[in-house]
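Once you scroll down, you'll see the structures, which are given as structure tokens.
Two complexes, one shared chain (subunit A), two partners (subunit B, subunit C).
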Partner chain A sequence: MDIFLVEAIVNGLLLGGVLALLALGLNLIFGVIDVVWIAYAELVMCGMYAIYWLHTYYGVPLPAAAVIAVLFVALLGVLVHKLIIAPILGSAPINQLLATGGLLFFLQSFATLLFGADFRNVGLRLPIIEVGEIFVSFARLLAFGVALVGMVGLWLFLKRTYIGIAIRAIAQDREVMILMGVDPQRVYLVTSAIGGGLAGLAAALLVLQYDVHPSIGLSFGPITFMICVLGGLGSMIGGFVAAFIMSQIIAIGGFYTSIELSYVLAFLLFIVMIFVRPQGIFGGRS
Partner chain B sequence: MRSVLFAAAGLAAAVSAAAAQDIRVGVLYDLSGPFAAAGSVACSVGAQIAVEMMNEKGGVLGKHKIVAVNADAQSKADVAINEAERLINAEKVDILLGVYSSAHAVPIDQRVDAQKKIFWITTAVATAVVKDRNLQYTFRPTVHSDQYGLVSTDFVAAMAKPKLGMDPKDVKVAIIYEDGPYGAGVASSNEIGAQRQGMQIVLKEGYSATAPDLSSLVTKLRRARPDVILHTGYNPDITLFLRQSREQGLRFKALIGHGAGYGQIDKLIETFGKDVDHVFNVDPVAAQLLDPKTLKPGVPELTAELVRRYKAKTGAKEVPPHASMGFNQSWILFDKVLPVAIEKYGSASPEAIRKAALDVDIPVGGTVQGYGVKFFPPGSQLAGQNERSSPVVMQYVGGVTKIAWPRELSNIDPVVPLPATSPYAMR
Partner chain C sequence: MLEIAGLEAGYGGFRALHGVALTVRAGEAVAVVGPNGAGKTTLMRVISGLLAPVAGRLAFEGADLAAVPPHRIVERGIAHVPENRRLFPRLSVEENLRMGAFAPASRPHFTERLEWVYSLFPRMRERRAQLAGTMSGGEQQMCAIGRALMSKPKLLLMDEPSAGLAPVIVDQVFDLVRRIRQEGFTVLIVEQNVRQVLELVDRAYVLEVGTIRRSGSAAALQADPAIREAYLGI
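Showing the complex of A and B:
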């Protein structure tokens, strides 16, 4: 087998790990609160800035900065819910979409105002792993591993803890759960915090591989949303599988054709899926 | 009462006579938004220095002061167009000077040319701004993007035998670029240049500047094994490419960037440290890098004054190429064109300036950026473009920018192929 094709597939797998992690938080929030945070990638951007700032200007070691960033974005998640989502929870989905869309532009402009349009990075150079003729990025491998751990951790949390069970119950039927004495607002807040925390975790992994700038969300936002829709909005397993389908199309398609065309192929698949199976690969509800 | 009226009338006449002596120039740059920090503010400071230096000499021909009417395009095309219209219609300027972005220059030049006003472009480089448009009142003394791609392939051809020990026709080049008008434009001139030199193009591929992953491009480059990579991109994609190339073990003999992201050496060093040593960049030169011996008398003094004033104004340690671009083009207008317009053609009207601009004939070494000035006449494909403009190939050596090409301006022997200390060097 062509050694370069193997390399492309491996790189596709690793990219899939990053995308899967991004899709995880967005899916959780949609599954439970039934709201799409269009500004999800912008929350990731906030986390990246937090890590950059703590590490570069205050000398906080990267792992500690990463932990602070996770907590910081979790708090942002709670604020997003409290200030933006909660007041319009009952309104039409289009209004919720517009509100989080507004948040997207707000965060982008606010970051530009605060940090300027410059590209910044933590200046970290991680080792390279060389296996035979194939080279693997350590940062990507790390992101891949953490994404898997995050998935399993979230699954255990939802299965084993009381609040986790409450979250799943709300996701299944929000009307009945209120009758059962569960306070949905508390569940929503915890879900928003977890969703935000996952965005912070993604930020900690992305900051190792990418420059931070106010429009970094544009690189990841649209494709994350597509992955969630492709897998079935709200389905975490679906999002995980879809992330790897998309990343392999981009990697192998890019290898055989061009990067531009590989995205065309990925979008084409997306459009076809919307027609053939609008609820997504693993989606239950329409 | 009558005498008061007479006095008032006299005063008004005196004021209008004085005003007639002045030359009002609309100066349009992006002072806010993403272009501001990417060089537009540096351009505006350069232009401002040119205005001050001319006025300290008493103005054009010692008596016509330049009155700059400044405006901010905010890095937005619609704002740029509105401000250009306002400068011409409300502020009544006959000359519009500036603009950083080619995307702003195209819609503006169409409007300004139609109103028969002078549009003096200092910075926007896309060839498409003037190509096949036959503009009559638009002039661009600075370089244009087609030149970027050709200069780099000329340079590679010249380096092939002495440095790489191979015939130009055996040199394998890869052309990669962001797929916007800027990257695609430079890439197509790269292709023309490489074909002209008979080189082998082993890969030519574009990508979106916001692509989150370039690893399949890097893998293909590894398979194609180019000797030289010709790259045009902005900032996030360049750092992503360099990072993924290092991680994936891509090796080459030389990497030549073409302005934009590659022009920001400070940023690249911040990210990659020594790894970006010996990377090449094609751009118009920063005036202070030129060897004074290659310039005409009086020109090195201008450069020294520009550098002194720029540092005093901004507190910067380094003077970026964009400051030279803003200053040089403005100075050409004030010092070489306007005097001819007034003396030979009788006024600083757009028609007189247009004729004077077409008369201008400055030899190589006659401006602070080294190039000469002679505008392509109306009717030619690039009407209004300076036919003597030329970018240079620079090399970053130990964090310092050196000039590698053309030979008559160079101040180092270019380091090709990459030395073994580079993580990208062939091994």
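Showing the complex of A and C:
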């Protein structure tokens, strides 16, 4: 097989890890609270700027800045729920889309105001590793590994802890959850914090590979939504698998054509899916 | 233990309960019987905080229940086995039982209570890893009762535990309820299966269109000609 094709597939796999992390966060929030955070990728942007700012202006070492970013974006997640979602929880889904869509533009403009439209990076050059004849960037490898560890950690949390099991259960019967002694508002807040934290973790991984700018969210937001829909909105396993399918379409498509065309193909596939199987590959919901 | 007086409750403008009065003393088993739509489920939902009453007094161990947030009711010692079981279908049996011990005071006792519930219902131990929604109706009812027992409640509310089950299974469910009685639990049970429930409770209330029509000892109600005709089919 063509060695460059293998390299493309490996890179696609590595990209899939971070995309799976993002899809997991979005699916978790949708599955529990039944809202789609349109501005999810903009929370990633906030995390990337936070790391850039802490590292460049205050000399905070990158690992520490990453931890702070995770906590910071987790807090942003809580604020998004408290200030935007909770007040309109019972209203029509379109209102929730509009409100979080508004947040998207707000965060973009706010980032432009604070940092300007320039592309910025943390100025770290991680090595390229040669495995056999394949070249892989260490930043991508690191991102993939950390994303996997993060997902396993989340899985253990959802399997082992009381609040984690409640998070998995609440959408199955919200009223009975109250009989168990669970305050649904608390479950929603914890879920929002985790969703934010995952976006923060993704930010820490992406800032090693990409420049941050106010519309960086557009590079990851749409593809994350497509992955969630492809896997079945709210289905965490589905999102995980779909992330790797989608990243391979982009990687392999990019190898044979161009990256731009491969994105076009991916979005085309998404539209066809909506017609053919709107509930997604694994989705039970319609 | 539980004292209810002048209770009014409903949905929107619709009144489902009119001036309901009811008491349950510690150690008793009390039934609420009545036809479909009488308001039995509504009464249970008010007691466990899922539905706010419009008026009336609701006291548990002397404390006003209306002031307690719904998710804190279980901490006070009231557990509710809801109508239609309402398990979390895509959680395992053991995870369902775990949710029954969610209250902070129950968590340290999780392992010992799980053992206790498994010894009461050995079938649940066999099914511990199975998804609750894939079990038979009778098994799901066992799991729902087990889930409520995980909080070691002072008062156990049961809403039609025998509904929708095959006759053989209904007998088994009543046997379970009898066993729970023997364990010393105070029980308030709603049933349409009047004949069988009167066999196992101390007292009962007859609820019709939102109003308590009759009440008394199980024996007195079993002997009451009106009850015999309307509910016992004699």
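A few notes on this one:
In this section, the second predicted complex is superposed on the first by the 284 of 286 C-alpha atoms of A that agree within 3 Å, B and C clash if a C-alpha of one lies under 4 Å from a C-alpha of the other, contacts with A are read in each partner's own complex, and residues count from 1 in each chain.
The criterion applied here is as follows: a residue touches a chain if its C-beta (ideal position, glycine included) is under 8 Å from a C-beta of that chain, and two chains touch if they have at least 3 such contacts.
Keep in mind that this is a model prediction, so the values were computed, not measured.
With both structures placed on the common chain, the touch criterion links A:166 to subunit C but leaves subunit B unconnected. In the superposed model, A:180 lies in contact with subunit C only, and not with subunit B. When subunit B and subunit C are set side by side, the one touching more residues of subunit A is B. When the two structures are aligned on the shared chain, A:157 is found in touch with neither subunit B nor subunit C.
Contacts of A:255 after superposition: subunit B is touched, whereas subunit C is not reached. Once chain A of one complex is fitted onto chain A of the other, the partner contacts of A:115 are absent, as it touches neither subunit B nor subunit C. Touch criterion met: A:123 reaches subunit B, while subunit C stays clear of it. In the superposed model, A:137 makes contact with subunit B only, not with subunit C. Taken together, the two complexes place no residue of subunit A in contact with both subunit B and subunit C. Residues of subunit A that touch subunit B in their complex: 4, 7-8, 11-12, 15, 112, 116-119, 121, 123, 125, 128, 130, 135-140, 209-211, 213, 215-216, 218-220, 223, 247, 250-255, 258-260, 262-263. Within the complex formed with subunit A, the residues of subunit B that make contact are 33-34, 36-38, 179, 205-208, 210-217, 219-220, 222-223, 235-236, 239-240, 243-244, 246-249, 267, 270-273, 275.
Against subunit A, the residues of subunit C that register as touching in their complex are 48-50, 69-75, 79-80, 82, 86, 88-91, 95, 98-103, 107, 147, 151.
The part of subunit A that touches subunit C in the complex is made up of residues 162, 165-166, 168-169, 172-173, 175-184.
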